[in-house]
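Encoded as C-alpha cells, the structure appears first; notes follow it.
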Amino acid sequence: MKTDFIQLFGNPWLAIGAAAVIVMGYLTVNSLMLVWLERKFSARIQRRLGPTEVGPFGLLQTAADMLKLISKELLTPAHVHRPLYLIAPILVFAPIMALCTLFPVSEHWVIYDYDLAVVLLLAFSGLNVIGIFAAGWGSNNKYALLGAVRAVAQNISYEIPLILAILPIVLMTRSLSFYEITSAQAAFPFIVVQPLAAIIYLIAATAETNRAPFDIPEAESELVAGFHTEYSGMRFGLFFFAEFSNMVIVCAVATVLFLGGWSGPLLPGFVWFFIKVYALILVMMWVRWTFPRLRFDQLMTFAWAVLVPLALINLLVTTVAIKLL
Amino acid sequence: MSSVPGPAMELVRDDEDRETYYLNMGPQHPSTHGVLRLRLHMEGERILSVFPVIGYGHRAHEKMAENRDYLMFLPNTSRIDYLSGMIYNLGYCQAIEKIMGIEVPERTEYIRIIVGELNRISSHLLWLGTYLLDLGGITPFLYCFDDRERILDILDSISGSRLTYCYGRFGGVTMDVDDAFLESTAAFCSYFHERLDEYEDLVTDNVIFRQRTEGVGPFSADLVQRFGLSGPCLRATGTRRDVRKDEPYGIYDRLDFEVPVGKTTNGDCFDRHTVRMAEMVQSLHLIEQAVRDIPDGPVMAAKVPKKIKPPAGDYYFAVESARGHFGMYIYSDGTDTPFRIKLRTPSFAHVSAMTEALVGTMLSDTISILGSIDIVIPEIDR
Amino acid sequence: MAEAHDNTEELLEQLGPLVHLSKLETLLNHARANSLWPLTFGLACCAIEMMAVGASRFDLDRIGAGVFRPSARQADVMILAGTISRKMAPVIQTLWDQMPAPKWAIAMGGCTIDGGPFKYPGQYAIVEGADKIIPVDVYVPGCPPRPEALFAGLLKLEEKIKAGRKGPEMVN
Amino acid sequence: MITDELSAVPGVSSTSEQDYAAKGYHCLHEASPGSLPALAAIFRQRGFHLEHLTCLDMRADDDCMCLVYQFNRQDVPERHVIHSRLAPGEAGTSISEQFIGADWYEREVFDMFGVGFDGHPNLLRLLTDDDYIGHPLLKDFVDADPQRDVFAVDAKKDGVANEAANE
C-alpha cells in the first residue's frame, strides 16, 4: 500500500538519484512560484498590483529575477573570510533538500519513509542556523555579524518551543514517523485535540524561517541587509531560495503533524496535502505583511517566558490525559 | 588559502575595559531618512555614545540667500524642508510681509490656512509611513502614501507642483482657488476622518507597535530645555507650546483648535506618535473651518512694492512647521539683497539631542527613536 | 521606439568578444531589463518622489523594479535622487564601486544633471552634476521629477538594456 | 521680564526694549563675549532655551564679527536677542556647559565664519568636509575652484590654493 522510492527503484543509488531530481525540481519551481506569490499577495494587501509586465500576470517575473541573479558578477569582497563565505549558502540550503524527502504526500507516495523522521527534522532545522552564522561571520562585516549573532540566538531560543510543541503529537501517536502520525489522524486532525501546540508550533516555525515579525537577523531597517549584506548575484539568490524552501518544509511539517496530511473528503490525498501546505504558507505571508518587528530582547523574553511555559503545561496536560484515557 | 584578513569587528578596550566597537550607521542606511551618519560606539547591542556626522545634505541655502534678492530666494524656501514645503514657502512670504508692512486680503489668509494644514497632514502621513517602515511593518507605508497622494493631487491642482511648492508671493498667492478645489478638500476631510480611526485601530493599538514604542526614548524636561526642542517632540513632554497659538500669524488666532499634548512629562516615542496623530485631527478641523467660511475677494494685495528693500536692522519671524519651530532671522542692510538670513530649523536641535537621547539604548531602539523625532536631512544641513 | 530592437546585432558586433551567443545575450538582457533592483538611496527631495513611485499609485513593482535593496551588493541600478553634496561625493563613489556589474545609474532631478536650483557661480557645497563622479545612463529632469517621469526613465533604461548595453564603462 | 537681572551682569553694555510686532523679538542686549556664560546661566535658571546662535560678518562696515544669540521661553514667548561684537581675530566663549545645544551652533559658526569658541568640548567643522580649508559664509570668501573634479585633486593641496586665494 505504501511505496517509497527504494521499493520503486530497487537499487538505493537509483532511488537517491531520482529523489534528488524530484526534490530539486519541486523546490526550484516552488521557490519561483512562492516568490511570485509573495510579491503578488503582498501587493494585494498593500493595494497595488505587483509584477504584471513580465509574462502573463507577471508569472515570469521570478524567472527573470533568477536569470538576472545568475548572470550577475559573483563578487567576493577582499576583506572576506573566503572558506566560510563560500560554504555558507550551501550550508543553508543542503539540509532543506534532505528534509524534503520525508513527507508522505499521500497514502501511496512517500519518497523515503523514515521511522525517526521527527528527530531528523529537528536535527536538520538546527543545521541551517550554522549556515546563517557562517554567512554573517564569514562576510566580515559588522552588520552581517550582528545579524548572524541575532540569528543564532533567535533560532536556538525558538528551537525549544518547537520541540515542546511537537512532543504531544509524538506522545499521542507513540511514533516518530510522519507516515504513522498522518495515518493516525484519519478520524480527526490533531489540531482539534492540540490547538495550543499548533499555535506554538506555527509561531516557533515563523521564527525558525526568520520571517517577520521575527525577521531580526535580516532586519532591513536596522542591519542594512542582515547576514546576507555582502552576498551578491546567485549566492544571494541561494539565500532567497533557501528561505522559501524552508517555508515550505515548515508548513509541510505543520500539515503532517496537525492538519492530518493527506486525509480529506472527495479530492485525492496529495491534492489535500498541497492545499493545506499552501494555505499555511499564505497565512505566514499574511502575518509577515501585517506585523512590525519585535525588538531583540522582547523576542527572547517572548520565547522563554511565554512559549516555553505554555508548551510545558500543554505537554503536562497531554501526558495526564493519555494516562487517564 | 588566501591570508585571513583582520576581523572587521576590531574590538576596542575603552576606559571601563569593556569590549566595544564602532559601528557606522552611515550616510546610506535604510532608516536614517536621508544622508545622516551616526558613528555609534557600541558594546554588543547597546550604544555607549553617539557622534552624529552631518553635512552630507549641505546645499548652502544661506550662502545663496546672500547673493540673490528677496524674491529670488523664494524657491529655495520650499527646498529646505521639502516635506512641509508649503509651510516654509508661505512662512517666508509672511515674514517679508510683516517686515514691509504689506496687508494681505482676507481670502488669501484662508487659502494659506487650508494649504498649510494640508501640507502638515501630508508630512505627518509620510512620517507615520516611514516610522512603521523603520519598525518593520511594511504595509502601513503604502496606505499612508495612498492618502498622501490624495493631498498632493489637491495641492497640485492649485500650485502646480507636488512637493516643492512656490505658491506664495509677497502680498498673496499666485492662483485663486475655485469651488472644485474647495469641494475636493471638504471631501478629503470627511474621508480622512474615518481613515484616521482606521490607523488608530491598526497601528496605535497594535501590540508589537506598543512594545516597540512605549517607554522608548523618553525626553526629560531638562533635555528639552538644554537642546531647545520644539514641535511634536516638545509637546509630547506635556508643554503646550505651538507657534500658531503663542505667536499667532495669519488668522490662526481667529480659528479655534487645541494643541494636543502628551500625557506624561517625559514623552517617549509613543507620546510623540499620539501627539502627531492628534495634530492631524486638529489640522482637519482647521481646514474644515477655513473651507466653510472662506470669503470672496482678491487673492493678491493691491500695491506691492516692486523691489523689496526692508529697512536696515534685524528681524525674526517664526512659523510652526510639521517638525516644530521654524524661524528666520533676517539681517537687512537696506539693500534688496539680504545681508544674512539664518534659518533656525527644528530638526537641527532634534538631531543634536540624539547625542544624549540614544545613549544606553539598543540598536533597534535607536532606529525607533530616530524615526520618532521625524527629521529631514537637508533641513538639518541647510 | 520600435527600431531600438533591431539594431541589437550591430551593437553586439561592436562589443566583439570571441564567442558570441547572441540569443543567450538577448535573453539575459531581457531578464536584466525586467528585474532592475534599485538601491535604497535617497539624498534629498527627489527621494520622496522615488518613494512615491514605489508606493501604490505608481507601483514600480509592476515592471519588476519594486524590490528596493538596501545593500549595494544586491542592487543593479543606483537611482541618484537628490542633491550630491561635496561631502557625499566620495561615499557615492564607494557605493558605486561596491555594486556588482552589470550596473546602471539613473540621475534623477535637476541637481544630479547639472546642479539644478543650487547651481550658481561660487557654489562651494555641491557637485554640479552626477556625471562628474559616476557614469550615468539615464537623466530624469525635473525638480523633483514627477513619479511618471521617473517611471519613464526606468522604462528608457530597460530599452537601453534590451539593446545590449552592458553597463557604463568608466572613461578615465 | 528679567531684563533688570540681565543688565546687572558686568559685560552687558545696553538693553533696549523692541517693538515685538515689527521686529519679532522683545528686547535686544549688547554684551561682551566674556559675559555670555553668565548670561546663559541666568537664562538657564529662568527656564529659557537657546533658540539659535549665528554670526554676522560686519568686517566691511564697522570692522567686527557680531555673534547673535537668541533665547526664548518655552511656555510663554519672550524672545531676547543678544549681539556680542568680536574683533576679527578674537574668539568667543562657549556656552555649551549651560546649553549643550549650543555645541552644534558654535561648531557651525566656526565652520562657516572661522570664529573660534574657547571652552568648547570639540570644535570641529560641522557641515563642510573635515579637511575643508576656508570659511564659506564670509563675505569675501572665494572658492578657488568651485567645480574641481572631486577625486582627481587631493583636497589638502587644493585647500592650499583656497587659502592663497583668500589672503
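Residue numbering begins at 1 within each chain, and the chains themselves are lettered A, B, C and D in the order written.
Definition applied: contacts are C-beta pairs under 8 Å (C-beta built on N, C-alpha and C of every residue); 3 or more make two chains touch, one makes a residue touch a chain.
Quick caveat, the model's predicted, so the values are computed rather than measured.
Relative to the whole-protein C-alpha centroid, the nearest chain centroid is that of B.
Centre-to-centre, using mean CA coordinates, subunit A is 43 Å away from subunit B. Our note on geometry: subunit A versus subunit C, Cα centroid distance of 36 Å, whole angstroms. The centroid of the Cα atoms in subunit B and the matching centroid in subunit D are 24 Å apart. Measuring from the averaged C-alpha position of subunit A to that of subunit D gives a distance of 60 Å. Residue positions of subunit D with contacts to 2 or more other chains are 127-129, 136. Contacts with at least two other chains are made by residues 46-48, 220, 224 of subunit A.
Residues of subunit C in contact with two or more other chains: 55-56, 70, 87, 122-125. Pairwise, the chains that touch each other are A-B, A-C, B-C, B-D, C-D.
Residues 1-2, 4-5, 7-9, 21, 23-24, 29-31, 45, 132-139, 142-143, 146, 206, 208-209, 211-212, 362-365, 367 of subunit B touch subunit A in their complex. Taken together, the subunit D residues at the contact with subunit B in this complex read 21-25, 44, 47, 49-52, 54, 56-57, 61, 68, 70, 74-77, 79, 81, 99-101, 103-104, 112, 125-129, 136-137, 139. Chain contact summary for the complex, subunit C toward subunit D: residues 86-87, 89-90, 93, 121-125, 127-128, 132-133. Put simply, subunit A touches subunit C in their complex at residues 39, 43, 46-54, 58, 60-61, 63-65, 67-68, 71-75, 220, 224-225, 228-233, 236.
Residues 127-129, 134, 136, 141-143, 146-147, 149-151 of subunit D are the ones that touch subunit C when the two sit in their complex.
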